[in-house]
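Some structures are shown below for you to check.
Same chain, two partners: subunit A is paired with subunit B first, then with subunit C.
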Partner chain A sequence: MVENLVLGIGVTALAGALATVAGAAEDTESDIGSQGDPNSQVQLAPQMGYIHRIYNKAISGEPPAYGLWCALGAGIAWAFMAINLNAILALIVGAAVAVFVQGVYATTAYLGRTASLAKFEQPVYIDILKSVTTVTMAHAFVAIFTTISMCYLMVAALGHPFPLPLLGLVWGIALGAAGSATGNPFYGKERQYQEQKFGAGVPISASGNIVRYAEAGERSSLDNGWFTSKLGGPASGLCFGLIVFFELWRTVLFEPFAGGWGAVIAGVVVILIFMVIDRFVETWARTTFGPYTEVAAAEPEEAAS
Partner chain B sequence: MSVKVEVSEGGVPHDRIMAIGIVGSLVAIYLTYLNVLTGTQIFSFFGGIGAVFAIWWGTDSIKTLCSYGIGTGVPSAGMISLGSGVIAMLLATKLGVAAPIGLVIIAAVLGVILGFLSDKVLNMNIPVMIRQLTELTIVGALILLGFASMATGSFAFIDMITGTTTFFGIEIATYTYSLIGGSVIAVIFMLGGIAIQHPFNACLGPNESQDRTQMCAAECGFLSMIAVAVMSFAFLSVSAAILGLLVAFIGWIYTYNEYIKLSKRDAYDWLDAKPIREPKGGA
Partner chain C sequence: MSALGGAAAGGEGINPTASVIGIVILLVALGITFFIASTGGAVALIGIILGGALIGFGVHFVPVGGAPAAMGQAPGIATGVAMLAAGAGLAGLFGGAWAAELGFAVALGAGAVGGGLMMAITCMMVNVIYVFGMGIPSASGKVDKDPITGDTFPEYKSQGTEGHGLPFISYVGGVIGGTLGGLGGTLIYLELLAVYEAALPVIYNAPLEEILPVAVSLAGIFAVGMFLVNAVLTAYNITGTIEGPHDPKFKRFPRAIIAAAVASSVCGMLAIMVVAL
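Let's look at the complex of A and B:
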């Protein structure tokens, strides 16, 4: 019993660690490729007269896209395990095929979107296609491999009743949602709109006026990877890692209580605790940094008079 | 996405694309029945060809539906297509030889109901809603049946819930290692759902052209077929799976090359390692 529990906690910790890496890689990947909500501004920029050299990877939203990559990786790994291939090798082959599909989708999205903007004189830059696609593929490989390895741990070590491809789909969607919700606002508002005043939002007149020139030369999507890997990526990783860790932790520890309902109650308690923490962080951030409070609005007037 | 969706004018009419799509898809899926007649598995790849036809048709349906200003709804249209299609497909697989034809009828009925609910009850008021949701339900069901019959070599329900596994050298029948028991159908669901919405989502913009979007659709179809061919190693003989992989690869390489050529034709300019050229009108 105790040995089982210790193994369960160990697997939970390992799965949480894998998920953290997955979340960080996923957000970095999507920011390099401009997928998700910041994509709309990249798409809009040429229409407003701002020709740019930023990647435009429009493959639906991140949750369905990562649902496919991870389900595909897990499905191929499952198929190779079904014909008795070594599990680690099967997971690598699965992630590799999924990354191939991801890379092809990325190129067709960039070519399609850019060619359809010919009216606004936005050219297709082939060097972007060559240099950025491979970098997103590398990050996607890390994200997919860690996610499907985590799913395999759930099946093999924790005895999860779902088959591997279904777990890949579910956790892939969760991974895309975590990266999209946590990391993208950071890239979209703070990286693309550095020319706007901090906290000013994006007024209609500034739509499409994204940062196109770098400190030296022209901004490439690869710079977004460097920027994201500092804060947005790790934040997404922490988010997804915590989701996976708490999900497994509550099941491993509390499932024996009240005929399985112990785990459900523990889940509700965890959500309530996080709601309180979130509320506290939000109000603290608004009072500390927000420019729209009455006190902050009154200060410039005093200075002027 | 705050993108204004504009649809290219002219080109092949939607009705003709629908006719080619439904006939091509049904004929190809029926060709997998040669497996039963000849007692082999090598005709399984026809299922994938059927799914490619369905994806090619579905792309134009999504384009017709989403020209009514449903920008962010493009990926959702792919999901509802496959989501409603899976119900029709599972029901139809119980019909034996009549499965593909029965699938079209069941999916059409289901699509009309869903279209009516979203158009009249939810008051979306989009003129083509009922027709396009009906088409998309049939498309989704055909994609699932096509890829499922490619992976298992048959469009019968019993073959999708039973598989074999080797246990100490003895082959035993099992539900766990089957298309549905192993949830490979979930992977096919996502492969189809993304492939059907991606071409229009990727090519939308003022200079969208029909032949490029449709070529992208065929490319996405063959790409999904490659993935299904790799997974079919779990269900089919090695020679049948390799043949499927080969057919998918050849189709993908051809369509991908053509797509790049068409993108080159439509692009404003095709530059390699050149700086930003500010537009003549000025930023």
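Let's look at the complex of A and C:
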């Protein structure tokens, strides 16, 4: 009993750590490939006359895309395990095959979306296709491999009833949801609109005027990955890691109590704790930053004009 | 997209003709299921319809700002309605399915809490990014005062935006939405699992223990599929972005509940007929 509990807690911690890496890699991949909601500005910019060299592969949201890739990776790994291939090797092969699908998706998405902007004189850059696609694939491999490894732990060590491919789909969608929710604002506001004032939203009148130049030459999507991996990526990782950890932790540790209701009660307590933390963050911002004054509020508008 | 100044699409009221047609379709689906799979199948279908309606209702609570939120131009979480709700609901389904052997009520509770937990953590991290990464306080664009905390918003809204971040009312809405989504998804899963556990051993002439993985897989994949159907359907009702229960768009929920119930009845009928025919 105690040994099972210790194993369960160890697996929970490992799954949480894998989820943290997955979240960070997912957000960085989506920022380099520009797949999240901020890509609306990448698509909009040429229509407003701002030609750029940013990658553009937001042909679907991150949750369904990662749902597909993780389900695919997990499904292939599951098939290899069924013919008695070593589990680690099967997971690597599954993730590798899924990444090739991601690469095809990224290539066709970039070509298709960018070509649709031809009438606004936005060129398709082949060097971008060659240099950025492989980088997004590398990050996607990390995200997919860690997610399906985490799913494998849930099945093999914790005894979850869902088969591996279905868990890949479920957690792939959750990964994309957590990563896009947490990481998108940082990529959208802080990176694409780096010229706008810190501490305020982007005025709607500035839409499409994304930053297109770097210290030397034109900004590359790889620079965006470098920037967002400082906060947006780790925060997304922390978000997904906390979700997976607490989801498993409350079940592994508290399910034996009160006929299963222990895990439910523990979950409610954890929700209330996060609610208090959120309220603290909200009030801290209000008291520390204070309200916008007339002068401060006018500045973003000036910057946009 | 309302943040770009466009008018909100879609009417506010319920279309009586469409609703009557929908309810007729629902009753026909229920009748066919009763005819083919007897009372057990019909009761399961009622549970599935209820689960679908819960998902449709729950999605309205989830604060989603889409692309404008990613630029701090509108409040909410910077992703799509259906996808965020699906992420939370499926995390709940994961917990509910895990607890299925402990009984119906416990599994429903585990599913609900799983969805709520996912949203509680995600919403908190969204505010952490806005506050500590971007230096932006929360401000609603739809109301001047938070109905729960009484915080005022107009002076905390930066110029040229509709608001930003997640006010506390939106946070609470997110948790309620995740909870209802997890509850609805788990209810659909449990109803389908009961149908498959009863039917598959007879079809394959094998003991339940051998058939269980097939039953779990089938119920799980149908539950995920029906969750997505209901979440996407509700996203059409919301049309773009919503701040949570205080948003005027929230009042559209009765229409989504009818649509989700009708869609769930047809999807549920097909899922039951897989083993009943």
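By our rule, the second predicted complex is superposed on the first by the 288 of 305 C-alpha atoms of A that agree within 3 Å, B and C clash if a C-alpha of one lies under 4 Å from a C-alpha of the other, contacts with A are read in each partner's own complex, and residues count from 1 in each chain.
Throughout what follows, contacts are C-beta pairs under 8 Å (C-beta built on N, C-alpha and C of every residue); 3 or more make two chains touch, one makes a residue touch a chain.
All of these numbers come straight from a predicted model, not from anything done at the bench.
Of the two partner chains placed around the shared chain by superposition, subunit B is the only one that A:83 touches, whereas subunit C remains out of contact.
In the superposition on chain A, A:166 makes contact with both subunit B and subunit C.
Judged by the touch definition given at the top, the superposed model places A:51 against subunit B, while subunit C stays out of reach. When the two structures are aligned on the shared chain, A:4 is found in touch with neither subunit B nor subunit C. Applying the stated contact rule after C-alpha superposition, one finds that A:61 touches each of subunit B and subunit C. Look at A:105: by the touch rule set out above, it reaches subunit B but stays clear of subunit C.
Of the two partners subunit B and subunit C, more subunit A residues are in touch with C. When the shared chain is aligned, subunit B comes close enough to touch A:126, but subunit C does not.
In the superposed model, A:188 lies in contact with subunit C only, and not with subunit B.
When both complexes are overlaid on chain A, the residue A:259 reaches subunit C alone and has no touch with subunit B. Of the residues of subunit A, those at positions 40, 61, 64, 162-163, 166, 169, 207 touch subunit B in one of the two structures and subunit C in the other. The part of subunit A that touches subunit C in the complex is made up of residues 36-38, 40-41, 61-64, 160-163, 166-167, 169-171, 173-174, 176-178, 180-190, 192-193, 198-207, 231-232, 235-236, 238-239, 242-243, 246-247, 250-251, 255, 259-261, 263-264, 267-268, 270-271, 274-275, 277-279, 281-282, 284-286, 289, 291-292, 297-298, 300-301, 304. If you check the complex, the residues on subunit B that touch subunit A are 1-3, 74-75, 78-79, 163, 165-166, 176-177, 181-184, 186-187, 190-191, 193-194, 197-199, 201-208, 212-213, 216, 219-220, 223, 226-227, 230-234, 256, 259-260, 262-264, 266-283. By the touch rule above, subunit C contacts subunit A in their complex via residues 3-5, 66-73, 77-80, 83-84, 86-88, 90-91, 93-95, 97-100, 102-103, 106, 109-110, 112-114, 116-118, 120-138, 149, 151, 155-168, 171-172, 175, 212-213, 216-217, 220-221, 224. Contact residues of subunit A toward subunit B in the complex are 39-40, 43-44, 49-53, 58-61, 64-65, 67-68, 71-72, 74-76, 78-80, 82-84, 97, 101, 104-105, 108-109, 111-127, 162-166, 168-169, 207, 212, 218.
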